[in-house]
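Sharing a structure with you now.
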Amino acid sequence: MSEYTADELMIVNAARQLGALAAAAKRQCFVGIGLPSTAANLARRLYPIEPVLIYESGCIGSKPTRLPLSIGDGELAETSDAVVSVPEIFAYWLQAGRIDVGFLSGAQIDKYANINSTVIGSYESPKTRLPGAGGAPEIAASAGAVMVIMRQSARAFVERCDFRTSIGFGDGKGDRERFGLRGGGPRWVITDLAVMEPDPDTCELVVVALHPGVNRDQVAAATGWAVRFVDDLATTNEPTAVELDTLRALQAA
Amino acid sequence: MSEYTADELMIVNAARQLGALAAAAKRQCFVGIGLPSTAANLARRLYPIEPVLIYESGCIGSKPTRLPLSIGDGELAETSDAVVSVPEIFAYWLQAGRIDVGFLSGAQIDKYANINSTVIGSYESPKTRLPGAGGAPEIAASAGAVMVIMRQSARAFVERCDFRTSIGFGDGKGDRERFGLRGGGPRWVITDLAVMEPDPDTCELVVVALHPGVNRDQVAAATGWAVRFVDDLATTNEPTAVELDTLRALQAA
Amino acid sequence: MITSLRAAVYEFVHDGDTLALEGFTHLIPHAAGHEIIRQGRRDLHVVRMTPDVVYDQLIGAGCVTKLTFSWGGNPGVGSLQRFRDAVENQWPHTLEIEEHSHAGMATGYAAGAAGLPFGILRGYIGTDLPKHTSTIKTVECPFTGEVLAAVPAITPDVGIIHGQRADRSGNVQIWGLLGVQKEAVLASARSIVTVEEIVDELPEIPGAIVLPSWAVGAVCHVPGGAHPSFAMGFSVRDNAFYKAWDAISKDRDAFTAWIDKHILGTADFSEYCESVGIDV
Amino acid sequence: MITSLRAAVYEFVHDGDTLALEGFTHLIPHAAGHEIIRQGRRDLHVVRMTPDVVYDQLIGAGCVTKLTFSWGGNPGVGSLQRFRDAVENQWPHTLEIEEHSHAGMATGYAAGAAGLPFGILRGYIGTDLPKHTSTIKTVECPFTGEVLAAVPAITPDVGIIHGQRADRSGNVQIWGLLGVQKEAVLASARSIVTVEEIVDELPEIPGAIVLPSWAVGAVCHVPGGAHPSFAMGFSVRDNAFYKAWDAISKDRDAFTAWIDKHILGTADFSEYCESVGIDV
């Protein structure tokens, strides 16, 4: 087994999940630049049934030959089945419920999978001003399911976000329904240590799998709430040589 | 002077008005098929500053070489500066106030220039079911000005329409403002006998010009309300040989 | 999914469905309408901005109990005789109508495609339409207090259009006058697209849009399937047919005989074409 | 109207105006932003979904008192340093912010282009944004009773974009990622479009849209005017410049020196390009 980085680990695990979703006819991914785009493009290369990549810049069905450096990369438009305006991509495609899985990340995530990408500290006098919402609130609202990819630390995985930029499960089970949200909300939180999923009864994020070589204490120490582990806690498979080679070739292209 | 038909007379007078508007930088015409399209295309050929033809089928800046037979004629799309979807033509172009002049016609017009193209008789048990509204209500609401072209008769020019498909001045002066309509409403009603305009004080249609050889009695007899004539009643110019030749060449193409 | 038109209509179109066979003069799915008549669907609610000959056929053939529309005429010719007979004389039975303006229906389709329950427009105000159409309401702008018209989203069970081309994966390419073709497909729970040709790869065409295969239900290869409407790049509008329709449709018996012979008496669109003597 | 960028900014952009310099990564009108700094406009309310380097420059140069936005970062690099310094430390002065989501702003632009006072979306609900942004409200669907988010129309005084091409009449052609370029122009009272080239006749290009001349204010021939953004068919994104901007903008003095030398110290965009050593 070759060595791998934390990012590679997260990307490979995300790609596996996308492959499983595509095989189950949940192919349409709404992807941002960075880890999500890399994971989605990796899945396109690894699995016979490919995810369909949809970028918020209006590209539908992009098949980039190399990883885009920005969401507006010309390569995305040139290799798409269709390019539409930004109002259209949000209205006719995301809002209408045509996206099976959306990706989110942020500076903070809380135990109900709400995400903060707006400010650390108070909104009026922020300690750190972050870029803000972008497409996140409506991805969180309307995508069939949401996958979160974030490096895990007690500073980032918090009891309650300083600011709720996009909603996971609000203050717990039932909030999404109360708000009338049509999307399914966060289903998987993939970190450099573990994979979390919402508990079916409470919607609180619980650890369902550890990455190879990671133990419970490490995860607990990197989580700002008293995180729970499922009884049948799994260990994710090591990234395979094929996965790593394909990923590295993609990133080198 | 060559002879001419009632339709030719109406078309030539409408084209003249469009030419005057284009010269005053009011160039954008929202045209339907039939007399309006013919008049607008005639004006394009007669005047140095051409009207810009916009069709509700989504064609912007059409320059057809022959008269389109239907609003969806391929020629319209092929000769346009831009072709947009039908939702866009109504929202971004008509509703947004980008149209200087729209055309309307109908089965009935009343003294406040409201138009009926829906039913003769009652709505529930119509004597005659007409095609309906089409683009008319919003042309009437949002075009900078409206030009009406209709053959005049006491059956068509009525005290009050059986059904108000599109609004002129409602029940009189002030109604457009009360309804919050942004367009200016009907400015010219061009018939085969005369030209009418709304009285500035009452918004009631009054006769401002007679066509050559037409007298007041003929117009009064062909109007279902006690129509008034302005003091400085004009006579329209005979269609010129150039106007008629250009029109006939256009129609023969 | 690429399939026959017969199979697509059989699978997707059910008695009692709400259908939108759209086409703003261009790309009207006539062949699909014929197949619906052939398969004897009943109690349909048909929606279209510009119901023309194919809706006249559906109405006269007794398939339709409700029509939502904004302009119901034979463009460049005059009345839709079967539509008028249904409204004026309840023949072959009562036809419920829901009547809008073009802008209102375009707004409703856009709302449907966008997954919104309603859309807003500056429209209808001052007209008699809201008195007779219960689906025209108003909303107040929460910022300015202005009152605007509101219409519900149009969300048909099946959206049916004609288009120029598809590739073998079922990606659909359309160009020329786009009308509400995209919205009719995206607003519908299921969709059928008939196309002029199916190709290995879609060439790039100025002004063309592509509907990805996964946003489309069935794709059916029906060359000329828009006739007497047209497909830019493939055919021109058959204005003579529209004119001839007036005479055929004016008389109930002539109409019924025409439907019996050319639609019910043929197995599919190519037999129909042969039967009526058109070369597509 | 085809004119110089200097004349267009001088005539159309006034102190206190609301401006939208739009571009969703693609076709961002950097040259126009520089000219606004050069002409010393102040008290601007700038609107953009994705304020990036050019807004960082406008903010740091003291031109801006309010920013309406949905994502303010340096894409692929990190923070916008001048934006952060203004929000966190009020440098060079207080910056009022009005914060939305992408979907909310896209809805606002579409409403502005359509002449509506507001737009509706399924959005914002459950987030903290409505607590801090007074321009996020709700409306109830008059048909279903559902509660939806509402945002006001975005209606800038001046909409500014870069595009690929214009003809000599001023018809503008844009292709590739379209973003909200059309909406930004149509929603604005006045508009400026910088283009890569001006040609006798616009060739047909797959995926291209055309804004007719009469819907556009000024058209200015500024090749490379999107740099470090790009114009598909003419240039690629200068990712190195975006990365280099982080270092320049991190320090107030370094930033000010850069603006003084390269923007205020140059007469126009071609001098700027020479000054910073880019070849467009």
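We just call them A, B, C and D in the order they show up, numbering each chain from 1.
What we mean here is this: a contact is a pair of C-beta atoms (placed from the backbone, for glycine too) under 8 Å apart; a residue touches a chain by one contact, two chains touch by 3 or more.
Every value quoted in this text rests on a predicted model; they were computed, and no experiment measured them.
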Looking at A-C and B-C, which one has the bigger number of contacting C-beta pairs?
-> B-C
From the centre of chain B, which chain's CA centre is farthest?
-> A
Find the geometric centre of each of chain B and chain D from their Cα atoms only, then give the gap between the two centres in Å, rounded to an integer.
-> 40
Averaging C-alpha coordinates per chain, one finds the centres of chain A and chain D separated by a number of Å equal to 28
Considering chain C alone, which of its residues make contact with at least two other chains?
-> 110, 115-116, 121-122, 146, 182, 207
Hey, what residues on chain A touch two or more of the other chains?
-> 91, 95, 142, 182
Listing of all chain pairs that touch each other, if any do = A-C, A-D, B-C, B-D, C-D
So, in the complex, the side of chain A touching chain D is made of residues 33-34, 56-59, 69-74, 76-78, 83-87, 90-91, 94-95, 118, 123, 126-138, 141-142, 163-167, 170, 175-176, 179-182
Where on chain C is chain D touching in the complex?
-> 115-118, 120-122, 135, 137-144, 146, 148, 150, 152, 204-208
Within their complex, chain D touches chain A through residues 24-26, 49-50, 69-73, 75-76, 79-80, 83-84, 87-88, 99-104, 106-107, 109-110, 121-129, 132, 146-147, 176-180, 182-183, 207, 229-230, 232, 236-237, 239
Quick one: in the complex, what on chain D touches chain B?
-> 110, 113-116, 171, 182, 186, 209-212, 214-215
Residues on chain B engaged by chain D in the complex (per definition of touch) = 27-28, 52, 60-61, 81-82, 91-92, 95-98, 142, 182
